[in-house]
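Below: one structure in structure tokens.
Note that the chains take the letters A, B and C in the order they are written out, and that residue 1 is the start of every chain.
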Amino acid sequence: MVHSTEFEVATHGFGDVIDVTALVAASVEQSGIMNGIVCIANPGSTAGITTVEFEPGAVADLKEALQRLAPEKARYHHNDTWDDGNGFAHLRSALVGASQAFPVRDGAIALGTWQQIVLLDFDNRPRRRKLVATVVGE
Amino acid sequence: MVHSTEFEVATHGFGDVIDVTALVAASVEQSGIMNGIVCIANPGSTAGITTVEFEPGAVADLKEALQRLAPEKARYHHNDTWDDGNGFAHLRSALVGASQAFPVRDGAIALGTWQQIVLLDFDNRPRRRKLVATVVGE
Amino acid sequence: MVHSTEFEVATHGFGDVIDVTALVAASVEQSGIMNGIVCIANPGSTAGITTVEFEPGAVADLKEALQRLAPEKARYHHNDTWDDGNGFAHLRSALVGASQAFPVRDGAIALGTWQQIVLLDFDNRPRRRKLVATVVGE
């Protein structure tokens, strides 16, 4: 069995961290799949998908670490190509990864109690992001 | 076909790197699935899953790199929230990723000869970690 | 339904970034699978898989960032073990990840217009890399 869902999330950009766990969990629930794999992706090159404990402190730590890894104001060759000023966003997306897969077991995503799936929007402007969640299993 | 397994691993925490390849390979073998995808996850927000050549040198290099990326003794906003002192562990987990998927081909995980699947336990104490491996295929 | 493909890519090593999107898309097309998940991996411990806008600027930014994270000329314990001088390659592979999964929707990989799947070959010599792409779905 396969179940595919597309949904939109509004972001502020600039490293905005959005908890999308409930949206992915709803896709799994709608699928009726009890055991399998769910893959969640942002089709795009300036965002990332990972997990974090979604509390303001851990979220701030993650934002600061990505600012150290790929500072917003550094010089990027990408900006020379397109002059769109979001080279840092492309770099962060490549380092974090734009998709992630998780096991689904007994109808639930294999996440810890304090672990949330997050969309990181690194672009330098607010965006409406489309996400795709696909569940494969039985 | 879907096959889901749960297993426990004892760790020392503090960046402990555990080779879980044999456990994931056993899940694949038990499944009887010859071609498909296996997804392995630690449900939790202070551990990570990746691959590395599991020899003491490469493992030490990985530990040192993560110590540079998210030093144990730095100041973390997460520690202000909960006072549990493991902000570095949450950050490392978000950067490395808590799950990973691999192709299964001809009954084996698509790994190189010198490549092992590892659980990285970043927490600041020994833990018993539950891992979930789900194989989907035929 | 499951469809598994293996293909080879020639690289220059030393962080070479190769656009493999067309090869993965061909695997999806050959599979006839319209909705599901595709998992792409390099079986090996000195390469990585991620996505990036494949234009010279963003590619150069990614290479430079990985050079900062794991400099080619730094001292690595792995080099003490094997004396093969590619400790930086092993470290980069563990940090970036050697495989990634993406949703397949309406017969296409869930990628953005400016987003390509890339193989990063970190090894310190030219290589012929084998990649495995497995599609599961219907």
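To be clear about the criterion, contacts are C-beta pairs under 8 Å (C-beta built on N, C-alpha and C of every residue); 3 or more make two chains touch, one makes a residue touch a chain.
The structure displayed is predicted, hence computed values, not measured ones.
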Superposing rotation of chain B relative to chain C, computed on C-alpha atoms, to nearest 5°: 120
Same-residue or different-residue interface between chain A and chain B, half as cut-off: different
Intercentroid distance (Cα basis), chain B paired with chain A, Å: 19
Sequence positions of chain B contacting 2 or more other chains: 37, 39, 69, 97, 100-101, 136
Partner chain B, residues of chain A touching it in the complex: 35-37, 39, 50-53, 55-58, 60-62, 65, 69, 96-97, 100-105, 110-112, 114-115, 136-138
Interface residues, chain A side, partner chain C - complex: 1-2, 4, 6, 37, 39-45, 69-70, 76-82, 87, 90-91, 93-95, 97-101, 132-134, 136
